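Per-chain residue numbering starts at 1, and chain names A, B, C and D are given in the order in which the chains are listed.
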Amino acid sequence: MSIFIDAKTCVLVQGITGSEGAFWTKHMKDLGTAVVAGVTPGKNGQSVEGIRVYDTVKQAVIETGAEASVLFVPPRFARDAIFEALDAGIRKVVVTADGIPVHDAMEIRAAALALDAKVIGGNTTGVITPGVAMMGFLPYWIDRVYKPGRVGVMTRSGSLTNEATAMMVAAGYGVSSLIGIGGDAVPLTRFAEMLPLFQADPATDAVLLIGELGGTMEEEVAEALEAGIFTKPLVAFVAGRNAPEGKKMGHAGAIVSGGKGTVKGKAAALRAAGALVADKPSQIGALFETVFPIKK
Amino acid sequence: MSIFIDAKTCVLVQGITGSEGAFWTKHMKDLGTAVVAGVTPGKNGQSVEGIRVYDTVKQAVIETGAEASVLFVPPRFARDAIFEALDAGIRKVVVTADGIPVHDAMEIRAAALALDAKVIGGNTTGVITPGVAMMGFLPYWIDRVYKPGRVGVMTRSGSLTNEATAMMVAAGYGVSSLIGIGGDAVPLTRFAEMLPLFQADPATDAVLLIGELGGTMEEEVAEALEAGIFTKPLVAFVAGRNAPEGKKMGHAGAIVSGGKGTVKGKAAALRAAGALVADKPSQIGALFETVFPIKK
Amino acid sequence: MKLFEYQAKQIFAETGIPVPAGKVIENVDELAGALEVSGLPCVLKSQVLRGGRGKAGLIQFAKTAEEARQKTQQLFDSPHGVYKILVEQALDIKKELYLAITVDPMSGKALIMGSAEGGVEIEHLAVSAPEKIIRQKVDITQGILPYQLRNMMFGLGLSGESFKQGMKCLESLFQAFCRKDAELAEINPLVLTGDGQMIAADGKFSIDDNASFRQEGLKRTRAHFDSDLEFEAAEAGFPYLKFNGDIGLMCAGAGLTNTVYDLIADYGGTVANYLEFGGPNYRRAVEAMQFTLRGNPKVILIVTFGTIARADVMAQGLAEAIEKLKPKVPIITAIRGTNEEEAAVILRKIGLNPLCNTEEAVQAAIALCK
Amino acid sequence: MKLFEYQAKQIFAETGIPVPAGKVIENVDELAGALEVSGLPCVLKSQVLRGGRGKAGLIQFAKTAEEARQKTQQLFDSPHGVYKILVEQALDIKKELYLAITVDPMSGKALIMGSAEGGVEIEHLAVSAPEKIIRQKVDITQGILPYQLRNMMFGLGLSGESFKQGMKCLESLFQAFCRKDAELAEINPLVLTGDGQMIAADGKFSIDDNASFRQEGLKRTRAHFDSDLEFEAAEAGFPYLKFNGDIGLMCAGAGLTNTVYDLIADYGGTVANYLEFGGPNYRRAVEAMQFTLRGNPKVILIVTFGTIARADVMAQGLAEAIEKLKPKVPIITAIRGTNEEEAAVILRKIGLNPLCNTEEAVQAAIALCK
């Protein structure tokens, strides 16, 4: 089982002829992902890693039945590429572009909500079900991070994911599916919106939430827990407890301003809703032991 | 029973302090319509026909629970007034304004579709369930037209409605509910979208469709009949068989151009889908006799 | 309101769509100046709104200044009401495309249509080869996106420089469509010239009358109408159509008017003219009857069913009009709606026989024409 | 990118929002010219980005030209890095309002906020009296509608002429918000003067860095930064923060950086500086280490987990940087990700002990500072 995509999901790669697009298309295929088509305007008829390239998403969807799309396009073209995918009927999109203008992101987010589409990102490393399928650029061959297992992972940070997940794996756990929702100030899909997928997934017994300072997404997860939308064990690690207010270390979403978005507030909300919160990555494994002990 | 509104539906009047707004508010109330509030910006606290006036729709909705709104505002302000109603949570709107700019209408239609709101009009005389409730300015006291009964009426033309419906009433039938969808080139709700309401209404045994040349709404009704969306008897009268191409006699929607929108095509489509089509208004009564004879 | 070709091209030029070098003239004396702009050979295009100008001989080519002068004079002298001629450079046409934006009332979106087979009427192409028309819907609040431009250009089979020029043309056309409250913005043909330029060789542009409050300079001129009478009526605020039959029709509302028009044909009658008596005009019976009488009807037929337009007000106005104008033709009325009983009393008082049934009124009017 | 008050007011003025008469000066010699614009009494407003300018004495009032001269000199001489002063007319304040537009990431809409209690920080009001903040969400593709403007003005309790002026201000502010790709557009206070004028007395405006490709003239100056070092690093493309501790941090990615920062604090260490080593910078180890060394760290701690930013490329770059710069401080590395085994080989070759565990690396770095 898997969430978001499985081995049968027909995946399209927008921007497939770029160097990253081509490189990660190979890796997605190697893992078993059903990459069926690529799109780069003006390159219709070319082939990348054995995948046929089309001029338009519409054409690719008609001819290959693609139903999900991963974008390797520069941030300034993300809006156009995402709306092209949505307009062609695709309802699952993964957006790797780092640096989408906030006004573009607002427009995309509003449209995705209206269409009930799952647009993941921007600035995400992607989505993976280890051993099954991937959309994005996750180094799944690093076994100490991407070991298959029964814990769902959702994260705002690519760099921290590997760190935190490795701790969980070191404690004997593995990953069922991992969703990187990305580090932007306006994520196109939010943490709490992924919870129903993990809740419904029989392959997921618990979830690891990798959060950060800034915004309100961790608080929304706490609300979802309070509302009973997610009932499996949830362990959280939220980075940035000591970050200086108003200073940005890294991407746009990770900033505290006007006293809002503090890790202290997030951790308190999560704990109050029944989640376990690790202060250090090294505590993650032990916390899972308390709620979801490994059968030895 | 009724469709669209019944005697319990809490109705708001936008533009209530204008002369038409005030005049028809009285008539709506007299019929039994639950008019609960009016809105005219800057006139908060005033009263019209015993109805409290508010500055904003939001305020009116919060304080009175209004759930449907009829607009007596000039066409250039219709867009603003409709979006104000939709934003306040109202999902049933009747728009009497004649002359809404087409680009405004496009925007409103697209928004109404996205919200699954029923925005009726523009350029409509309104919606009525005789003896129960009305939103609009239909002269319900004219008994030879608005006699209560079991035939649903939907129409593009105010002037023709009275004509055609009178013929039906003269033959012994009466009106269950009547929906004027209005005569604009871009009606905010279309004929075929009203059919499910008539289909579901136990007080409606058959429908009289009063159509016109121009557009494709009658063809869409034929498609709905073919698709089995509406299964009760349907009698249609479509005006403009002999209208000269490219000439406009009356409102914007009623024009044939480029050979599209002819009455001939509409009548053929409706007949092929099983509807009965009257060539003259005087035939309407007789056609009802064949599908839905009056119990004597 | 339909614009003339030269007006459409002004809009195209403003928004960045290339148009042929040319100038509008109103008489032969202005030709020399126009030829300096267009060069020779040139095209002389009569500025009339009717379609099929080519077949009607309203578009002429000229290789020399003298030929141009002769043909210009002929066009101005033609019986087709040519008030203006657009004098343009003749293009070296390699390929003709079609590009248009109109309204899709179903989705509430703008509908972009394109075809690699330009130069013909799109309605004909829609029947003969619908698969050759590429369609794309665009959300007017969001505006046209680059992928939508690309999809159209790929569909038209363009590449390289013409692909880029085509994207630019379509984007500009869409901006004009939105900014001008257009019902239709059409370039047909969009010409690819021998030297690789893309030029709007002809165009249609229609602006929504209902948006006139926010569109400056929207004003119909005599050239928009088939007759002086229709123009004068329109200037006075009366929708008015002139036909060549017997019955002078004063009617209110599209549905009822079209029904009466159908019934007149069904019962063997003909229409002299139609005047819209509804809306704000119901209070203007004297002027309305004046315009109706100028259509030389054998009988006047008045059919209304008013709600806000009250029947008694109409009847009172008609009484005044008859008093003042003393029409020599008979008048049949079926004036119904709010206060119809009072209306009937007024009409009877001035010697009319107010009818209630539309078909009866139509038959009575036809009988009086025999 | 946060703009200075005078830049925000330029945008306000361009878009039609009234601002006080005033002029920006860069030294005392320009004061006389500025006073001609502002008149007396005047306000002297230091153009710095930090909040609480009033309490910090960075805003001064002056009644005479001499007083203005003295206070201007004092402000330029202050240790707060005052490069520019905005000299403005002093306003006759009757009422202060608050008006702002920001981004609602949840709905993907613009969030309009207003309060009849302007002049205070909205964050404080949000805590002390949240019911006094009126909120309204606006679809940015559709734009702000008249009813949304009215709802806000009714909420602010305005009427008559100020109602109209307020609508105009908010509409203009919204246009500026959209046109400029703003993250925040705030007028606080929006002043109602004794003679009934509405004037933007102070404002904040922040433009999205990610939109710089379509926003002209977005350029940070020295005044945007707390130190020369941070400014120079930013000019070179390195996000860089200077602190006063021991560890020079080269890190990649927000999540990992913040985690390392937390761990350093947890284990009792302090940070000298942070440099973003991820993204395109992973190939620029020499420059990165140069900037890090200028922060005077006692130890350099490098923590990364790269995917596209390959570990072996980073390691190779570090080897070159060490060879070239010969840093005198110890270096601790936890460089993981794509090709991490090759990276480890390279690092060992130059005498480093590549670690794999972040906490271990942090503890090792702290131990070296003691």
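As a convention for this text, a residue touches a chain if its C-beta (ideal position, glycine included) is under 8 Å from a C-beta of that chain, and two chains touch if they have at least 3 such contacts.
Note that the structure is predicted; figures quoted are calculated from it, not measured.
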Checklist entry - Does B-C or B-D have more contacting C-beta pairs? => result B-C
Next on the checklist: Quick check: how many Å separate the C-alpha centres of chain A and chain C?
Outcome noted: 55
Checklist outcome for this item: Whole-Å distance, C-alpha centre of chain B to that of chain C, is 28
Checklist entry - Among the residues of chain A, which ones contact at least 2 other chains? => result 107
Next on the checklist: Counting only residues that touch at least two other chains, what does the list for chain D look like?
Outcome noted: 139, 141-142
Checklist entry - How would one label the connectivity among the chains shown: line, ring, star, complete, or other? => result other
Checklist entry - Among all the chains shown, which pairs meet the touch rule set out at the top? => result A-C, A-D, B-C, B-D, C-D
Checklist entry - Once bound in the complex, which stretches of chain C touch chain D? => result 139, 141-143
Next on the checklist: Per the contact definition, I'd like the list of chain B residues that touch chain D in the complex.
Outcome noted: 41-42, 44, 55-59, 77, 79-81, 83-84, 87, 107
Checklist entry - Where on chain D is chain B touching in the complex? => result 142, 145-148, 150-151, 154, 159
Item to check | Residue ranges of chain A in contact with chain D within the complex | outcome: 20, 75-76, 98-103, 105-113, 125, 137-139, 142, 155-163, 183, 185-187, 190, 210, 212-213, 215-216, 220, 239-244, 247-254, 258-260, 279-282
Checklist outcome for this item: chain A partner, complex, touching residues on chain D are 103, 105-110, 121-123, 126-127, 139-141, 178, 181, 183, 208-211, 213-214, 239, 241, 243, 251-259, 261-263, 265-266, 274, 276, 278-279, 304-308, 336-338, 340, 358-359
